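By letter and in written order, the chains are A, B, C and D; residue numbering begins at 1 in each of them.
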Amino acid sequence: MEGFSDKRVVRNVARTCLTFLLMILMAALNRTNAYSEDGDSALGKKIYEERCQICHGTNGDGKGLVGIIKKSEKSGRVLDVRPRDFTTGVFRFRSTPTGCLPSELDLMRLVDVGITKSFMPPHKDELSMDEKKAVVAYIKTFSERWKDEEPCDPIAVNKPGWVGSRTSVEKGLKIYKDMKCWECHGDDGKGKGPKSNEIKDDWGNAIPPFNFTTGALKRGTTPEDVYITFTAGLDGTGMPSYEDSLDEENRWHLVSYTLKLMGAVK
Amino acid sequence: MSNGNRNEEGVSRRDFLGLAAFGAAILASLGALAGSLRFVKSNVYSEESKKFKIGKIENFPIGTTRSIDGKSVFIFSDDNGLFAISAVCTHLGCIVYPTEAGFQCPCHGSKYNQDGKVIGGPAPRPLEWFEISQEVDGTLFVDAGKAVPNGTKYIFA
Amino acid sequence: MNDMNDIKQTGLAKYIENLKSLKSSFANSFLRSGIPTSDKSRTAVVVNNFFLHLHGAKTHINTLRPSYTLGLGLISFFLLVIVFISGGFLMVYYSPSIGTAFNAVKDINFVVFGGKLMRNVHKWSGEAMIIFVLLHMARVVYTSSYKRGREFNWVIGIMLLVLTFVINLTGYMLPWDQLSYWALVIVSNIAAAPKELTDIFGITQYFDIGGATKEILLGGTEPGQDSLTRVYLLHIILLPLGICIALGVHFWRIRKDGGLSKPDTLVGKGSGVASISPPDKTGGIFPTHKTYGLMELARGRTPAVDNDVENTVTSWPHLFIAEVAVFILTLAGVIAYSYFIDAPLKEFANPAIPENPAKAPWYFLGLQELVSYSAFMGGQGLPGLAIAGLLLIPYLDREPEHFGIWFSNKQGKMVALESFVIGSIAVIGALVFVVNFGWFRNWWPNIHQLWIIAINPGNLLLGFVVAYSLYVIKRTGSTRMGAISLFTMFLVSYVILTYTGTVLRGPNWEFFWSSSQWPVH
Amino acid sequence: MQSRFYLSLLLISSLVLLTFVAIATYSALTPEWKQYQTEYKDFLIKNAKDEATRERAEKIDIGIQQIYLTSMKKADRCTSCHRGVENPLMANAEQPHRQHSGNYLENHPVAKFGCTICHRGQGQAMNLREAHGEEHTHWDFPIMPIKYIQSSCALCHDFEMLKHEGGGHVAKGEEFFRGKGCRGCHKLNGVGGDLGKALDGIGSRARAYFPMKHVVGDRTIYNWVKQHFDDPRQIVPESEMRAFLTGEESDLLTTYVLTFTSEQMPRNYMLIKNIVMPRTDGESLYKMYCIACHSDGKASIYDEILKRTIPAIMNPSFLKAIDDNYLKKILKEGRQGTQMTAWKVDAAGLTEQEIDRIIEYIAKDRPAAKTEPFDVAKFKADVKRGEELFNIRCALCHGKKGEGDLGLNLKNPVVQAADPAFLAVTVRDGRAGTPMPPFGKDGVGLIEQDIADIVSYVKTLSQKKL
C-alpha cells in the first residue's frame, strides 16, 4: 500500500500496457480510477473541486464560498468555525510530534471520519480509497512544506492500566494546577480560565479553550486521543505540546483528570 | 288421617312457617344492609372532570412530550400522531416519571417502556392510554376516564 | 326556746356529724360495702363495683407472676386507654377538612400548650399498641393459652389485631400531609387490587369489586375531601366502637373461659403441696379451675375439691396494685419516648408529586415489601391467608398438654429456635434473591399476570412456612410443635420484612444498606 | 412478695412519669421564643432613655404574638421572636430583635401584611428552624434570600412603579425576561412557545417539583432557579435551555421569575399605580418571542443544543427572497419538524396584529432590488441527474436524504410546498449571511440545467424514508 505514494512505482505501472486493461476494468465498474500521475492529480483535483473547494477555497486557503460558520455552543458561547487553511501546512490533528507534518494516515483518517462538531463531514462511505488518496495528495500541493519536509514518526501510545483510577485522577488534578492548564481551561474545566479570551490561533482569530464538561473532543474522546493531544499539541492553536515539560507518566495522569472532567470516570 | 301424618304435616307446616319467617327476616336484613352499603358509594364525585382541554394541535409539534400541569398524563406527538399515556402507575397509583427507557414509578420500582408496557417491577398492567378528541373549533381534549387500546394514536388536521 | 335550741342543736349536730363522716360515708357509697378490711369485704368491693367486677374476686398467683404474662395484654389495653384520652384532646383542635386539617396539626405542634407532646403520645402509643398486641399474641401462643375453651377468644384477639392495624392506618391519614396522601393512594389501590384477578378473567367491566371498594373508601376515584371525611369517620367512630365491643367481649371471655391460663402443675406458695394436679377436663363452659364462685366468699372449709383455690389471692389489692403499676409504667414509657421523638409531619399533600420512596407507615412496610411483588397477593391474598392461618391455630392444635407453660417443654424451645433460624434464612434468602435477580416480570416482560399472582416470593414464603410447620408436626408427632413453628415463622417474617421495607428500601424501592446512601432527588 | 414487686414498680414508674411530666411542662413553659422576648424586654429596660420609656418597657407582655390575616387565612407568628420589627429603638440591634430595614413598613404595616407574604417561611412555626423553613423541615417555601426579596413586591405592584420606587431589581429582571426571548419557548398566561415548560405558578411550586440533585448549597427553589439560569445543563442535564445570563444578571431574572406565583393577592392589597400598556411594538415583540433563537437575525448560527442551523431571518438576502405572506404563514403555522413554534392565536397565542408587527420589524431592511427570476419551466428536469448532483453538492450539509444538519431540513413541508422557482433562485444565488453558498455562475459554477435538476430532485425528497 505504501508503494502508491512512491511516484516511481506509479510511473512504472503507468507505462505498462496493464494500464489499458485496468482502464477497461475500471470503466466496467463505472469508476474513473486510474493510476497515472496525471490521472491521479486530475482525480484529486476533481474530487477537491466537487467536495472540498466549497469550504476550503479554490486555493486551499480556507476561504470558500460557505465561509465562516457560526456555531453556538451549549454554554451559549458563539464560535466562528473556519475551514482549514491548507496553504500553511499546519495541521492540528496529527499523531506526529509538534512542528511536524501529519502522517498520511492522519490525513486519511480526517477525510474518513470528519471532525465532529466542526462540520467537516465524514467521507468513509462517499469516496473510495483511491479517491481519498488522490484528494489527500492534491491537498498536499497547496503547501510548499510537503515538498521540503518529511512527516515524522507517529507518537507511541501505550496506555497504562491505571489511567482513570482515583489516585491517578488526583495526581492529574495536581498537574492541571501546576502546569497552569486552568489559566485557559478554567478551574472547572469549562474553558473559562482567566486567559481564555486572549488566545488567538496562527491566523490571528480568537480561539476558545476546550470545555471539558461537554465531553466531545474533536480529535476523539478515547484516553489515547487525549494523550496524543497532550503529547503532540494542537499546532496552530494555543494548545502546546507537553512532550518536553511532562514525562509520559504524568501526561497519562493528566489524561485521567480530563477523563474525570469529561465525566468518563467518577 | 293418622296422628303421625298430622304430625308430619303439622311439623312441616310449622317448619315452612319458620323457614319463611326467618328466610324473610334474613332476606330483608340483607337487603337493608346491601342498600346501606350502596348508600356509602356516592353517585357523584366532587372531583375535576376527567376530560380536560389540552390546547390545539399546533401546541404539540412532532417529537414533543408534554405533561399537563395538575393532570397525571403525558401527551406525546410523533410521526404517527398524538397520543396520551397515563402517568398513574397501575400497581398502586403513584405518579410515574419519564426516563430514557420510558417510565419509572418511584413507589415500588415498576418500569415501563415508552409505550407504557411493563418491563419490570410489580405493575400488573401496562399504563393506560387515553382517548383524545377534537371539538368543532379544533381544541383537543383528553378523557382520562376513557381508556383506549394501547397504541391508539390520533391524527388531527 | 330550749326545745327550739335542742332541735337546732341536734340538727346542726347531725350535720356536723355527717360532715365528719363524709369520708367514710362517701367511700361506703362508692364502694357499696365500705373500705375493705377483711378478705370478704375485699371480695365484695370487686364484685360490687361496675369497673372492678370485670375481674375475679380472687386472682391466681400465676396471673400475677410478671415472668408469665409480662403484662403484655394489659400494656396493650392501657396504651389503648392513653390513645383514647389523647385522641379526645387532639379532637379539640383538629378539623377534618383538607383545607384546615394540616394547619390544625401544625398549630397543635406549634402553639397548643403541650400540643406536640400530646400528638406524639397519641401517635406513639397507637403504634406501640401494634407491637404490644403482637407480643401479647406471641405470649398467648408460646404459653398455649389459646386452648381449653379459649379458642374463640383467640379469634376475638385476631380481630383486635386487625382493628389495631386499621385504626393506626386511618390515623396516619388525618394530617393530610404528603405521607397521608400517598399512603391513602397506596392503600386505596391495594383495596382495588382484586382488579388484577378480575382482569385476568376479563370480568372487570361487569364485576369490579376492587374498584368499587376503592371508590367506597375514597368517596371518589382519587383522594379528596370525601376521603378525609370517611377516614375520619372510621378513625374516631367506627373503629373505636369496634375495638370497644371486641375488647369487651375479649375481657368478658377471659373471665368466662376461666381467667388467665396457668400451668396445671404449679408450686403453690405455702400450700405444702409440691405439685397440684387438677382433674383434667378440657373445654367446657365451667372448667374446674375457674376463679369465681360463691363458695369462695366463705371462709373456712369449703366444698372445693380443687387445690387451685389455695393459690389465689384477693384481687383487691394485689391485682389492682399490679394493674396500676403497669398503667403508670406504660404512661411513663410513652411520655418519655414522646418527649424525645417527634411524630413526623411532611409537606402539605401534593397530588402531583409522590414521595420518593412513597412508604406506607412502618407497620405496613412488611406488606409493602410483599406488594412490590404483586399488589393483590401482597395486599390482600397473603395477609388474608396469614390471618386465616393464625385463626386456625387453636382449632388445629388441640393437644391439652403443657397448658400454660412457656414453649411447652424443652422440645418446644428447640422447635421455636429452629423455626426462628430457618424462617430467618428463608425470608432473607427470598429477599436476597429478589433484590439481586428480580422476578418474573424482569425476566419475561410478557408473562401473564396470573403467573405472578400464583408464583411470587411472598407466596413461596407462605408455602414454605406452612410446609415446614407440617414437617415439624410430622417429625415431632405433635400439632403443638407445628403451631409454635408456624407462629415463630410468621413473626420472624413480619419482623424481617418490616425491617427491610423500613430501612433497606430507598427511592424507587431499590435496595440500599442504609438511607444515608439514598441518591438525592 | 408479689405486691412488693408491683409496689416498687409502681413507685419507680411514678417517679419516672413525674420526672417527665415535670420536664415536659418545663419545656412547654420555656419555648425558644420566650427567651427572645425576654431578651427584647431586658434590652429595652436597660437602654431606656427616660423613666416613661422604662415603665412602658416593663409593661411588655410576654406571650405568643400572632398576626392573623383574615382575608388570606394566614397566621404569622414571626413577631413572637422578632418583636422589635417595628420599634425604631431596635434599629441597630442584633437579629432577631432588629427593626425592619428601610421604610417599607410605613406603607406595609405588619398588622395588615404580616411577614410571610413577602419573606415566605413558615408563619405558623414557633421555632427558628421550622419558621425559616430550613432544609429537612418539610416546608416548601423557606425564607427568601434578601437578594430575591423584590419578587414579592410584584405580587401587588406593577413594574413601571417598581422601576422608580425601590423595586429596581425585579423591574430589571422583567426587562431581561422581555428582552431575552424567554417566551419563545415558555408559555406564561397562555402565550408563548411550547419547547419549554409553562412558567405559570413556578414561584410557588413545591420543592419536590424541582430536581434538586445537582443544586449546590441549600436545596431551595431559589437556588435551583438561580443555578439553572447560570448553567441549565448543570442542573438538568438534558435541558435544551439557553444560558444567557450569569452572576448578578441571573439573580435579577430569578427575582422576576419568582413572582410567578399561583396565589392571587386579595384585591385590597393590590396597588397598581402606573398602568402601562404592554409594549407591543415589533421590536419588543421580537425580543420577547424570537430573540432567544434567532438572536439579531443577521447571521445564521448552527445551534449545538437544537442541532440545526437557525436561519438568519433579518438578513437582506433572506428577506429579498421571501415576501411577507410567506413569512406570515411560517410565523402562524410554525415549521413542522423544527423547533419553530406556530405562533397563531390558537397555538402559542399571538394575535394577528402582533404577528404583523413582528413581520414588519423583521422585514424592515428588505432590499428594494428584486432578484433575477429563474424560469424553471424552461428546463426539462432530470431527477436522476439531480440526485447525483445532490449527493455530491448538497448532501454534505443537507443530509443524504435531505434530513438536514448544518443545512436546512429539505423534507420539511414548507420547503416541499415552496415554489420550485424560489428554490432554484436560492440554489443559484445562495444566502448571504448563512453557509448556503451560491451555486450559480457567480459561485460554484453550476449551469441552470444542473440547478433545475437538483430542484426537481429536492421536490421528491418528502417521499424518502429516513
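By definition in this document, a contact is a pair of C-beta atoms (placed from the backbone, for glycine too) under 8 Å apart; a residue touches a chain by one contact, two chains touch by 3 or more.
None of these values were measured; they are calculated from a predicted model.
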If you apply the touch rule, which chains end up adjacent to both chain A and chain C?
D
Is the C-beta contact count larger for B-D or for B-C?
B-C
Cα-centroid distance, chain B relative to chain C, in whole angstrom
35
Distance from the CA centroid of chain A to that of chain D, rounded to the nearest Å?
41
Chain centre separation (chain A, chain B; CA means) in Å
61
Touching at least 2 other chains, the residues of chain C are 352-353, 355
For chain D, write out the residues touching at least two other chains, lowest number first.
none
Which residues of chain A are in contact with two or more other chains?
none
Viewed as a graph of touching chains, is the assembly arranged as a line, ring, star, complete set, or other?
other
Pairs of chains found to touch, sorted by chain label:
A-D, B-C, B-D, C-D
In their complex, what parts of chain D are in touch with chain C?
2-3, 5-7, 9-10, 13-14, 16-17, 20-21, 23-25, 28, 64, 75, 77, 124-127, 130, 138-140, 206-209, 211-213, 219
Would you tell me which residues of chain B are touching chain C in their complex?
37, 40-42, 45-47, 69-70, 72, 91-95, 104-109, 117-125
Chain D - residues contacting chain A, complex:
231, 233, 242-244, 299-305, 392-393, 396-397, 406, 430, 435-438, 443-444
Where on chain C is chain B touching in the complex?
182, 185-186, 188-190, 195-196, 199, 212, 215-216, 219-222, 224-226, 230, 351-358, 368, 371-376, 378, 438, 441-442, 445, 449, 452, 507-510
Residues on chain D engaged by chain B in the complex (per definition of touch):
194-195, 198, 200-201, 333-334, 336-337, 339, 341-342, 344, 346-348
